Amino acid sequence: MRPFLSHPFDDDKLKEECGVFGVIGVADAANFVALGLHALQHRGQEAAGIVSHHPEHGFNSARRFGYVRDNFTNQKVMDTLPGELAIGHVRYSTAGSKGATAIRDVQPFFGEFSMGGAAIAHNGNLTNAAQLRKELIERGSIFQSSSDSECIIHLMARSIQRTVPERMKDALRRVEGAFSVIAMTRTKLIGVRDPLGVRPLVLGRVGEGYALSSETCGLDIIGADFVREVEPGEMVVIEDGEITSSRPFAPATSRFCIFEHVYFSRPDSILGGRSVYETRRQIGVELAREAPVEADLVCPVPDSGTPAAIGYSQESGIPYAMGIIRNQYMGRTFIEPTEQIRNMGVRLKLNVNRGLIKGKRIILVDDSVVRGTTSRKIKDMILDAGAAEVHFRIASPPTAWPCFYGVDTPERSKLLAANMSEEEMRDWIGVDSLRFISLDGLYRAAGEPEGRDPRRPQYCDACFSGEYPVAPSDKLAEGFEMKEAAE
Amino acid sequence: MRPFLSHPFDDDKLKEECGVFGVIGVADAANFVALGLHALQHRGQEAAGIVSHHPEHGFNSARRFGYVRDNFTNQKVMDTLPGELAIGHVRYSTAGSKGATAIRDVQPFFGEFSMGGAAIAHNGNLTNAAQLRKELIERGSIFQSSSDSECIIHLMARSIQRTVPERMKDALRRVEGAFSVIAMTRTKLIGVRDPLGVRPLVLGRVGEGYALSSETCGLDIIGADFVREVEPGEMVVIEDGEITSSRPFAPATSRFCIFEHVYFSRPDSILGGRSVYETRRQIGVELAREAPVEADLVCPVPDSGTPAAIGYSQESGIPYAMGIIRNQYMGRTFIEPTEQIRNMGVRLKLNVNRGLIKGKRIILVDDSVVRGTTSRKIKDMILDAGAAEVHFRIASPPTAWPCFYGVDTPERSKLLAANMSEEEMRDWIGVDSLRFISLDGLYRAAGEPEGRDPRRPQYCDACFSGEYPVAPSDKLAEGFEMKEAAE
Amino acid sequence: MRPFLSHPFDDDKLKEECGVFGVIGVADAANFVALGLHALQHRGQEAAGIVSHHPEHGFNSARRFGYVRDNFTNQKVMDTLPGELAIGHVRYSTAGSKGATAIRDVQPFFGEFSMGGAAIAHNGNLTNAAQLRKELIERGSIFQSSSDSECIIHLMARSIQRTVPERMKDALRRVEGAFSVIAMTRTKLIGVRDPLGVRPLVLGRVGEGYALSSETCGLDIIGADFVREVEPGEMVVIEDGEITSSRPFAPATSRFCIFEHVYFSRPDSILGGRSVYETRRQIGVELAREAPVEADLVCPVPDSGTPAAIGYSQESGIPYAMGIIRNQYMGRTFIEPTEQIRNMGVRLKLNVNRGLIKGKRIILVDDSVVRGTTSRKIKDMILDAGAAEVHFRIASPPTAWPCFYGVDTPERSKLLAANMSEEEMRDWIGVDSLRFISLDGLYRAAGEPEGRDPRRPQYCDACFSGEYPVAPSDKLAEGFEMKEAAE
Amino acid sequence: MRPFLSHPFDDDKLKEECGVFGVIGVADAANFVALGLHALQHRGQEAAGIVSHHPEHGFNSARRFGYVRDNFTNQKVMDTLPGELAIGHVRYSTAGSKGATAIRDVQPFFGEFSMGGAAIAHNGNLTNAAQLRKELIERGSIFQSSSDSECIIHLMARSIQRTVPERMKDALRRVEGAFSVIAMTRTKLIGVRDPLGVRPLVLGRVGEGYALSSETCGLDIIGADFVREVEPGEMVVIEDGEITSSRPFAPATSRFCIFEHVYFSRPDSILGGRSVYETRRQIGVELAREAPVEADLVCPVPDSGTPAAIGYSQESGIPYAMGIIRNQYMGRTFIEPTEQIRNMGVRLKLNVNRGLIKGKRIILVDDSVVRGTTSRKIKDMILDAGAAEVHFRIASPPTAWPCFYGVDTPERSKLLAANMSEEEMRDWIGVDSLRFISLDGLYRAAGEPEGRDPRRPQYCDACFSGEYPVAPSDKLAEGFEMKEAAE
């Protein structure tokens, strides 16, 4: 049964909502999927699910709240998931207003079609799901979850195509938004990315079989060799050791999510041929050039600010130091905590290294500022410990717009940068200086030496720029106001 | 109920066995103890216990397997622990051969005496517990646990003194070994350290009350101000806001455990007036001087090698980089894992940052080598990722002797350094070079500019030197052979 | 999470598969439903579910494995089910061959339609569910459960009617078999019985509101007054305190299940105006007339044989006695029991009253013989205790045919009476005499003084007679052979 | 972990506090103990414990809250209890005022002595436990539980005898009160009854081994043959297939608890050579003679009133009927129930058979009246169902005094019969007549044709007569006032 989750501690981060993993052609495929999902756990910590298929035992499924390692390592559970073909999904819990997740919201979703069953796992977000859902219900479909992803399986069920891949094409041509989808039938493993390739999806080879994973770190853990990325707009179908590729969508220019480089993906993953760690370190280098300051120590806000802090230190020559220590036994789930625990907030997770900080001028490097509440608390802790000065350096531009492509963002009104100038933010947080990397600086660090091409941006950066590559139809219908074109 | 724990992954570290925390004079004292134990979780992850006292509700106790945050944050549990006085304990699970821990082995231990009850929590290990236990059983004491610490409470029960502090003195004069003990009666909080002060214990002030903690990081989390260390051989009794100090034991020279600096304590703690982080960074500096090597990157084995790697990089000028990434969702408890999971070992926890490592000459900095098995696996991972050379630098001297003072060490025969020379170890691990810091270098980093004084060593370094400051009587009776004096 | 159920003990009974309960117009309706389901627990012990509706909080649902009292009495769970309108369902676990029940098989089923949501709970079994399911899948419906009842909600989703009651009529006109269905929308409570009225359904008044229940004992527990039965082929819709009745089906003669009188229903329920207890006692009276024997004691096989044993004793004048004692702490769920426990079988549940039995001629009255295995074990126990003679008297005719209308029956080949004559059964069980009540005797006890009308039987007695009032289409398609008409 | 029990339903019964079981000389002895305890579950439902010994694996123990069948049937648990020698205990939860039971209060208790370990399980209650405990604590014993039984093991630990049986004798000669104790060492199974033999204890033979059980029903379930009762004041020691009997105490006249016949023991047990069922039926016969009344039906209050109701019916000629039906899915544990559930009280458990009762004059036979609250509620239910008259007949004399010998009784002030005359009780309950069996009638039914011998009563009947065969020292010290001798 689901624990009554509470999140008393303001994580104050954008949150990737999902990770997907699939494997075909290896014994005990579900075990590999469990390992892959464990490596992708940073993409979703609330729940996980695995579906497997075995010629004799058919499709089997297990879906659980909690970490992968707490639910999918046990022999007894894994014995219920036999076969050489399996897919899985990790899911992030979206915030309160959307209502609590039920176990039936946990993917993969399974549908029995007239030609056999199929399961799908979706990373991303459909921007026209509300309209599709309404239409499907009117025609007699019964939805089991509150997930936008369920539209895909109902659209597939209603397609008159005779194979699952063709039904998927039918379905995915009807949806808008961002999607990296992994699907399976009794014999096929299928991977698709939306035309813009907003979310990542990579292909690997493991023994005689193949694996699909949101990130390369999922391939590493099972010892799979990286083959290539599934390309934006591509569908791959793997069956009997053969890969078939097709392009079901109209051609489009890729717009990969730049925030995957900044924060979402693991530093040991390789995205678009670039080491995520190296991109983040380079952000620090750019930041040191754009926003230098005299100080004694460069300290990361752990753990996500670490690579940029290293880069800043290397470029500036100011020594790098662990000024804030993270409690490694901190989890996210607190069941009905006491008032006092609730009020501890960030101190449960972080402690200042007092012996180091006292009397020093500190540069703190963090990955982003969302609501800004954590930044204030960290500043308080650092000053309490006796720092002489505190300078914040942020490894991303101001986050001023919500994401509608599979990331949990606060409403625009709660984004600090949507409401304040950089100076106002500095004053509100209460630090000696606050500087964000420029959008061009970020693009340079991400491998675009000329910076951002304003006419045809190389990445999706809607959260910084407000320029949405896919119109968020459902949100517009709800009244969301996009940036004016003239701006 | 206790999960059937299994530890399929060779942690290959020495393990501190306990942490203790107590507080008096604050509302909801048990909440503070829970927070303090959460900060001390690195000293023991298997189980935790808290005892509180309330004038109306008397003594109450809760003992649980698992992390503090999973058991002692819940309102319902904490409501059962009312009062302004409480103590707690975290405990490490010792390995299989000693048999499984039962909940009755989890401290604090409580005894009802004729003048009232008392509870104790012990960090350390008694070296004459077996003899004491035998003697106590012969006289009619009934032991409830297999813990050496239980002897203390039985000795107290049999003392003819009329107060708990006096009974504690009686009891502690009979025991040998290492002990930092926190105790409580209905009105008193008591702290004692053994004459050599092998394990840490610090005193802090919180509001109108006082706290005792194994390390200063426990004070930080509750916002307590550090007052001073409880001194070796000292007993402090806190009652009604007054602290009384006494010295129950014969005077002796302090021998604080140097491994607390190397690995056990948290880097944000301050021990003996020294920042643990700074000592570790300085170890890296010394190591760079003692054992330089040409290379492209200095990488820590996370997380414990990090400060020394930073120091090594700073002294050598070779860039610091995160060559190995730690999965932050890795816990220790796997319940009946599948064979495949069991075999994954270190890969569940660590992944190489392949994009960074390929073709590079890597210096890996780790805190210690115990069995050496993890070092081998890490070397394999690094070479698989395409490193050109691998050089291990170890932030402690070779660990060649077991500890009998509250640390879980393998038998001597399983310690790599007890059986091989440094060169043999290098070959067995299979790296291009392997160097340990010298004992003198370690002492210098730990604040002794002249290095180790061989006649009166400033620290306990038995695990490196084989020189045991307290004779391990029980172990000698079992046949353990000490290093010959002539050596 | 679901316990791994095992049923090591041959219950050797036909099992009612479901009970349904609903209430409208009372505060905290779900609490009443929980109580009603507790009273109906004998109709299904594996799982239970409740759906409620509240104007502000919408539809809410909770479904759990285990007893009602273990899951639906807790304040926290019940707080999640607010509103003045709620329905519920208890479910029996069908045996292994059909595969384990998943939580998604637990009713009520909920569907979101274009005009709003509806939930349904079904007692009975659809005999054409397989064909309907195939057809629905071909048209794009996605089934979430393996339950035949789910067809109803999909048929409703596809109906083009504009109200839920009209959609239910559309749907129920397409299904065949036995059904007593309770449904709810945001404002209506609906009850329907199939044209033959095979399963019971009664209407009660509670305060200003109304209740629907499988049996009158469900009304008693909440203090509701019995109003009347929902009639065979009738639909009642209750909204705003008004009851609307309609007759959606072609008229038919009622064929109520006679086994509800024999065993399924609770003895304190009133079915068709008759006290179940009294009918059962009267069966004993008839049996004493049809099959007298000289003996010392009449003993029931507890608890279901008790009323008939009382009747037998009263008619025969042979003293009634509790010769077999039931262990009241016996439950059904054993999780992975040891071999020895598994082999104990009936002895875990029943013990012979040795002090009473020794040397006596015993008449044992049981409700039915299914596989006969329990009868043999009971006979062994009675003889071990020293009985001089054992005479079995069975309160139902030989069970020779499976039921397809909502009862879990073994395959025909496993029914003792399908394979043996009464004498063969007597020899196989090993008793001095074995007699079943005649079908006419049973009808007389059930209020038909002339016995069974062979041309238009007043009850459904297919399990005894093989005459199925509704053709079991799916089963016939699978190859089930019905009794030949000539017989 | 222990559920937070609540008992919202006034059980309104005296409660036996314990049952004990032991076996030696059979493979997997703990399995037999689990079965025996399951049969003795009526003697204690809160918790159970088993200790076993195996030559290789030593002593092992498991103690759990909840029913035996929920905790001690599982293969995994039973695998932890290997060996051919085991003992066990079931325990009743005493009411709130005494504080919640902790798992450490659950027996068997184990002690490690200098000559080896021993475990004990105790049924009964020591009347001088408080004094003994005080004395033991003063001498340095540390108590782990709040149980009076723990005194025995501490007294044994301090004995200077060299064998466990001799130490038990030393210990048991110091205690006062009622005790049937089963103990075990590595090789011996030991049984002892106090000199008055207040609580039962029987010896059986199973295969090549022996069993000890509180009641004969415990022997029946494992297929053991009844050998004889352990006699009042006797100790039996079983080792290597040999039984040694001794008499450690001063001779005394037996005073077996007569309430074991009335209510505590199972009806299929044989106590003192008498069938419990038969005694209870005979009580009904006596009651019909002592307190006849014209009526239509004799109905038991299920289940404990059943045998007496049968006897009453047989003697009076008034038909016996099941006028009240018990819900067999009713358990005792409700975790934080809703207000509404809490208020349901007896209706969750019992329902009136309305079809039977209406317009009838009903004789209700119950085993006892304690607080009287349940009697009132049952009367209400019966009248609500339309009964014309209600006559209560009680199968025991008025319960006017608390029991101090191992039974949970309310304080004297809460016993209805301690505060009212029979007529006052009738009025307070609100029935047409209320009659209790006389003390002499009860003795006659229990095999004493001359009734009670007032000078040397054959049974302990303190709860009826106020004549305590052992002075309740601790209670007298607390201020309990015994009946004056003159009375």
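In order of appearance the chains are A, B, C and D, and numbering begins at 1 in each one.
Convention: a residue touches a chain if its C-beta (ideal position, glycine included) is under 8 Å from a C-beta of that chain, and two chains touch if they have at least 3 such contacts.
Nothing here was measured: the structure is a model prediction, and the numbers come from that model.
Peer 1: So, comparing C-alpha centroids, which chain is the farthest one from chain B?
Peer 2: Farthest by centroid: C.
Peer 1: Could you tell me the distance, in whole angstrom, between the mean C-alpha positions of chain C and chain D?
Peer 2: Result: the chain centres lie 37 Å from each other.
Peer 1: Roughly how many whole angstrom separate the Cα centroids of chain B and chain C?
Peer 2: Taking the average C-alpha coordinate of chain B and of chain C, the gap between them is 62 Å.
Peer 1: Compute the distance, rounded to whole Å, between the mean C-alpha positions of chain A and chain C.
Peer 2: 50
Peer 1: Which residues does chain A have that touch at least 2 chains other than itself?
Peer 2: none
Peer 1: Please give all chain pairs that are in touch with each other.
Peer 2: A-B, A-C, B-D, C-D
Peer 1: Would you tell me which residues of chain D are touching chain C in their complex?
Peer 2: For this pair, the touching residues of chain D are 28, 31, 34-35, 38-39, 41-42, 45, 67-70, 73-76, 78, 216-217, 220-221, 266-268, 270, 274-278, 281, 303, 306-307, 310, 314, 319-322, 325, 327-331, 333-338, 340-341, 344, 347-348, 351-356.
Peer 1: Taking the complex as given, what residues does chain C use to touch chain A?
Peer 2: Answer in residue numbers: 1, 103-104, 111-114, 134, 137-144, 153-154, 157-158.
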